[in-house]
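Given below, in the form of structure tokens, are the structures.
You will see subunit A twice below: alongside subunit B first, and alongside subunit C after that.
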Partner chain A sequence: MSTDLLIAVVITVIGASTPILIAALGELVVEKAGVLNLGVEGMMLIGAVTGFIVMFTTGNPWLAVFAAAVAGLLSSMIFAFLTLSLSANQVATGLALTIFGTGFSALAGQEYSARPVGIFRSVFPAELAGHPVWRLVFGHSPLVYFSLIMVFVVWWFLKRTRPGLILRAVGENDLSAHSIGYSVISIRYAAVAFGGAMAGIAGAAFPLLLTPQWAERMTAGRGWIAVALVVFASWRPFRLLAGAYLFGLVMTVELYSKAGGGPLSAVPAELWAAMPYIATVVVLVLISLRRAGSTSAPACLGKPFLATN
Partner chain B sequence: MQFKLEKRPRPSQAMLYLTPVAAVVLTMLIGGAIFSLIGYDGMGAVREIFLTPLTNSYKWQDLGIKAAPLIIIGVGLAVAYRANVWNIGAEGQYVMGGVFATGVALTTYGVTGWWVLPLMAIAGIAGGAAYAAIPAVLRTRLGVNEILTSLMLTYASVQLIYYLVRAPWKDPMGMGFPQTRIFSEAARLPTIIPGTIVHLGVPIAIVVALLVWFVMTRSLFGFQIRVVGAAPHAARYGGFSENRTIWLAFLVSGGLAGLAGMLEVAGPFQRLVPGFPTGYGFTAIIVAFLGRLDPLGVIFAAIVLAITFVGGELAQTTIGLPAAAAGIFQAMMLFFLLAGDILVRYRVKRVVHQSAEARA
Partner chain C sequence: MDANLPFRLQLSGITKQFPGVLANDRVTFSVRPGDIHALLGENGAGKSTLVKMIYGIMAPDAGEIAFDGERVEIANPKQARKLGIGMVFQHFSLFEALTVLENIALGMDASIRSRDLEARIREVMIAYGLNLDPRRIVATLSVGERQRIEIVRALLLNPKLLIMDEPTSVLTPQEVEALFKTLRQVAAQGCSILYISHKLHEIKALCDTATILRGGKVVATCDPKQETSRSMAERMIGASLKDIKKDPNRTFGEPKLIVSGLSTKAEDEFGIAVEDVGFSVRAGEIFGIAGVAGNGQNALLDALSGEVLGENSQAITLEGHPLGLLDTTGRRKLGLCAVPEERNGHAAVGDFTLADNSVLTARDRLKMVVGGLIDSGAARTYTGRVIAEFAVKALGPLSMASSLSGGNLQKFIMGREILQRPSVLVVCQPTWGVDAGAAAAIHQALVDLAAAGSAIVVISQDLDELLTLCDTLAVINEGRLSRTLEVGEASIEELGLLMGGVHGTPEQVSIEAGGGVAVQA
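For the complex of A and B:
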């Protein structure tokens, strides 16, 4: 394999991993606060369609990403209101949010299918990325750098800052956090809002980074894979990075198998297409073996909290 | 004036059954208003989606055949969710039921005999149950979360259909279309009312719902499911095995989804096509909740959802509403229902401040 091809493959892997990584980082913070939002897929679709429409009408990718973040955040507030203020079932509400996001994005995007937009390209001068090796450093979309910076930011926030400590306390023991005077509900609202914004940005990465157009259900279950990755990573940001890149690799193999030729075509293309989902199941099995009973999940994950006065 | 929530001593039965009705009504009102706001004919949308399928008797047969798979999958999910088993992969189990039944239909191609359809039904149930057994074994043996595994398997099952109709099961006379041949007569579901499209699956759905209702309310199995779901500790104390209940919940919900898949492939489709996964397995989740996880409630909820499906198609042709609109109305129904849940467990109390009382 030539260096050029190898570098092209690595860049494809990084691109495919980026949306999953961004969405999973958001969900990680949400779950650390003790909330299980299964609406990631729906919020990503809302972000994808919003990002696409803003990109299509303004041609400004920064504005598109920002709008997608706002749209994702707003949609997450439906979830937050139902589960936090009305203590509705989190699993069911998350599913409802995904169903809603699927319908909403299809409605908003129906006029725009099969219309191309520009890709959110690297902001560095092209000369810097001329040599294939330098392309690995300077040749990525700003969304890729954003995802990598956020891995560090999320880690630093949760481990090294006071608000991060409080957020974890709320996720581990909501009653204690409440009794020493922290507002469990407001902290969870903030976490869900962050998760929504990140899911929105992750969704925008589909039209802006991967396939520069809008298609119904274009996130194709990647939001669910992001949720699975959080479990896979045992709620740790740097493991999330490794997991997301592993999945990016699997998805890249699928892309190259579709292109045809080589040893990959010995296996039906549909099997490659099913591989990310099968891999998710396998990975969930593997980590359950590793953990052997003990769990590193936040203790209050998915449990409703209703303050009595 | 302020309001305050006060926990009810026991969940309100009235609210339990009033809130689904309120959710549907609120969806019509607020959904219509929102669609008006974003520039569609909101009144027309509500009329076409919720009322025309009921007033136009020609559409009743469509309601029946759309409600049937929703009822069958919905009652299965109701059983699973009662047991706190979050099987959200019914769509994949439905697909596997269709695939297994197609396998029987293709191997018996050209054969006549009454036993072909029952054999397909058994294969369909076995296919759905076997596919549901994967998340079941992973949950009971290894403690793997069933939400993610059952959903991931759904995405994988769709790829299996694509593969089967593209390569091994492709119709040799199909001019290259990725689909199987049309099943022979004995493998097609008969219609029960001459001149309509109403097939045998409709009465089967009603019978399934009644049967499950009977089992859930009148048998030890039903009691066990409800106890394990509501109070796992008490269930363990009472000697009910949690793992056994999880298994049963998966096999029942997967088997019924598989049965629905068989009925669809032998009824409306009569062949396996790439478009076979139509989302019934996901809509049935809304059906199960709207029906309050009660088999009889599921029948009503399935009819409501069938109305929105048929109405959504109507609204596309009559007032040019996009196909996705029905999905938004369906999601809104579930949102309102979940929001209303708090009224089942809590009552809203008016708080009168001391100062206000003093002034009066």
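For the complex of A and C:
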């Protein structure tokens, strides 16, 4: 394989991994606070359609990403209100949010399908961004740099800051956190809002980074992969990075296998297409097989919090 | 102490109404600076509600709180801490997956660099002789060590008032000694302590003043050193205590439960396995197993109840039937019932009704399941009987188990097993966190069950309880059981030595003999 092709593959892998990574980072923070939001896929679709429409009408990718984040955040607030304020079941509400997001985005994007928009390109000068080798470092969309910075930021926030400690405490033992005097519900609202904004940005990465157009259900289940990835990574940001790139690699292999030729075509393309999802299932099974108690899941994950007074 | 100083804490007319219960009714009392003040009362007397209001977790409906002579409104725990009120909870508000340091940091209102905090923690630990590694993950610590975290957390704030909610209910005698030493030192430096407990001999040993609550009202304030445990217990329950009635001429039948060479594997690297345990219990006999917490009591209970199976069917026999390879259901059918230590989630399911909880353990023995279907009428009738005979404070068989207070749930669980008339009953910590009146009732029920011909095994860390209740006893240490002693021949010193093992030096084992017996009686 020539260097040129290798660089192209790496860039494709990074691109394919980025939306999963961004969404998963958001979900990681949400789950660390003890909330299980299965609406990631739906929030991503809402972010995707919002990002696309803003990009299409204004041509400003920064504005598009911002709008997508706001849209994702607003949709997550529906979830937060139902599960945190009204103590609705988190799993059911999350699924409902995904269904809602799928339908809403399809409706909102109806008039826009198959219309092209511009790509959110690297902001570095063309000599660097287009350089045959240096593009490996400088040739990415700002979203890629954003995702990598966020890996560090999320790690630092959770591990090194006091608000991060409080957030983990809320996910670990909500009653104790409450009795010490922390507002469990508002901390969880904030976490869910962050997760929603991140899912919105992740959704916007589809039209702005991967395929510059709007298509119904264009996130194609990546939101679910993001949810699985959080478990796969044992709620650790750097493992999440590794996991996301691994999934990105598998998805890229699928792309190249469709292009035909080479040893990849020995396996049917459909199998390659199914690979990320099979990998998700395998990973989840492997993790469940580990001895009980050794998982690092937040102890209050998915449990509604009811203050006793 | 200077009598002219204003009271550290003064409560007047504190009232709190919950739906259906008046939890606190015009509670009035005061605590002097440097005083160790006991708050005594049965389960449900309103002690916890009262301290929650002092700590700002709840707001009173009426009444005033004055702190250092000034009237205060304590809206939340943060404000309480700002005033100088620290609290150590009965159920530790700790985060298992976090380190000691992180746990303590969470209890601090100001953000402190972790290095500085660690230095301050070490200072406090040296000052009060507390031993703890700030970097350990809480999940790996013993109960006593966990409590130390809470105490250090409270002491770091230089409190003027420290509230301790039943701090000794999970501690070993040695740990209790160490705790009292710390508390006396804290009080000597001018910090008042509000000490909630119903272990009366401890209150006599530690406290300067006691306020007794019953049904949400203050019924007495006294000097515990001038009172007997019995007189305080009687004021607490508002009736005279009944002594356990044991037939002095009781005789024992043939051995019913014979355990020999019972061994299990440790559950994980921190767990303790049961090794080559052997004992036998005759019909009509109550056999006690003493020991310091964490020496394999839970593993032994699991092995006896059938939750963890051994390798040899003959290791446990009941009237000659080998039980070693039968599960809990099989053992229950043959007449061996067991009550584990943990009430919530192990002995009872919180989100189930009491009737459903009855079905879980009594279904076979009392035929509550007919053709695979639950006979809910039978379950309800039986549960009603348990509630009535054991004076469980519950609305009825359809109340949720989680709606009961700890002591009431324990009464229900004990009643549920005892009324099944098992031929062997194995219980772990039967009166843990249960007040004197209820404990006496549970003890009497166990004695009566034995008198009716059952063999009973009581695993407990409370030596007083075992000495009052049992006919014979043995000590478990590091998963091994000592020889069996007659209760008459067992001296506290010898038991202390057996319990100590590698866990404590003999000097540390000093138990107030007889002090608590009057309460338990």
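By definition in this document, the second predicted complex is superposed on the first by the 301 of 309 C-alpha atoms of A that agree within 3 Å, B and C clash if a C-alpha of one lies under 4 Å from a C-alpha of the other, contacts with A are read in each partner's own complex, and residues count from 1 in each chain.
Keep this in mind: a residue touches a chain if its C-beta (ideal position, glycine included) is under 8 Å from a C-beta of that chain, and two chains touch if they have at least 3 such contacts.
This is a predicted model, so every value here is computed, not measured.
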Partner touching more residues of subunit A, whether subunit B or subunit C: B
First (subunit B), second (subunit C), both or neither touched by A:Ile99: first
Contacts of A:Val65 with subunit B and subunit C, given as first, second, both or neither: neither
First (subunit B), second (subunit C), both or neither touched by A:Val250: neither
Which of subunit B and subunit C A:Ala169 touches, first, second, both or neither: second
Partner chain in contact with A:Val49 - subunit B first, subunit C second, else both or neither: neither
Residues on subunit A lying within both footprints (that of subunit B and that of subunit C): 293
Subunit A-touching residues of subunit B, taken from the complex the two chains share: 5, 86, 88, 134, 138, 142-145, 147-149, 151-153, 155-156, 159-160, 162-163, 166-167, 282, 285-286, 289, 322-328, 330-332, 334-335, 338-339, 341-342
Contact footprint of subunit C on subunit A as seen in their complex: 162, 165-166, 168-169, 172-173, 175-177, 179-182, 293, 296, 298-299, 309
Subunit A-facing residues of subunit C, complex: 52, 56-58, 76-78, 81, 89, 92-98, 102, 105-107, 111, 268
Subunit B-touching residues of subunit A, taken from the complex the two chains share: 38, 78, 81-82, 86-89, 91-93, 95-97, 99-100, 102-107, 110, 216, 220-221, 224-225, 227-228, 231, 268, 270-271, 273-274, 277-278, 280-281, 284-285, 288-289, 293, 306
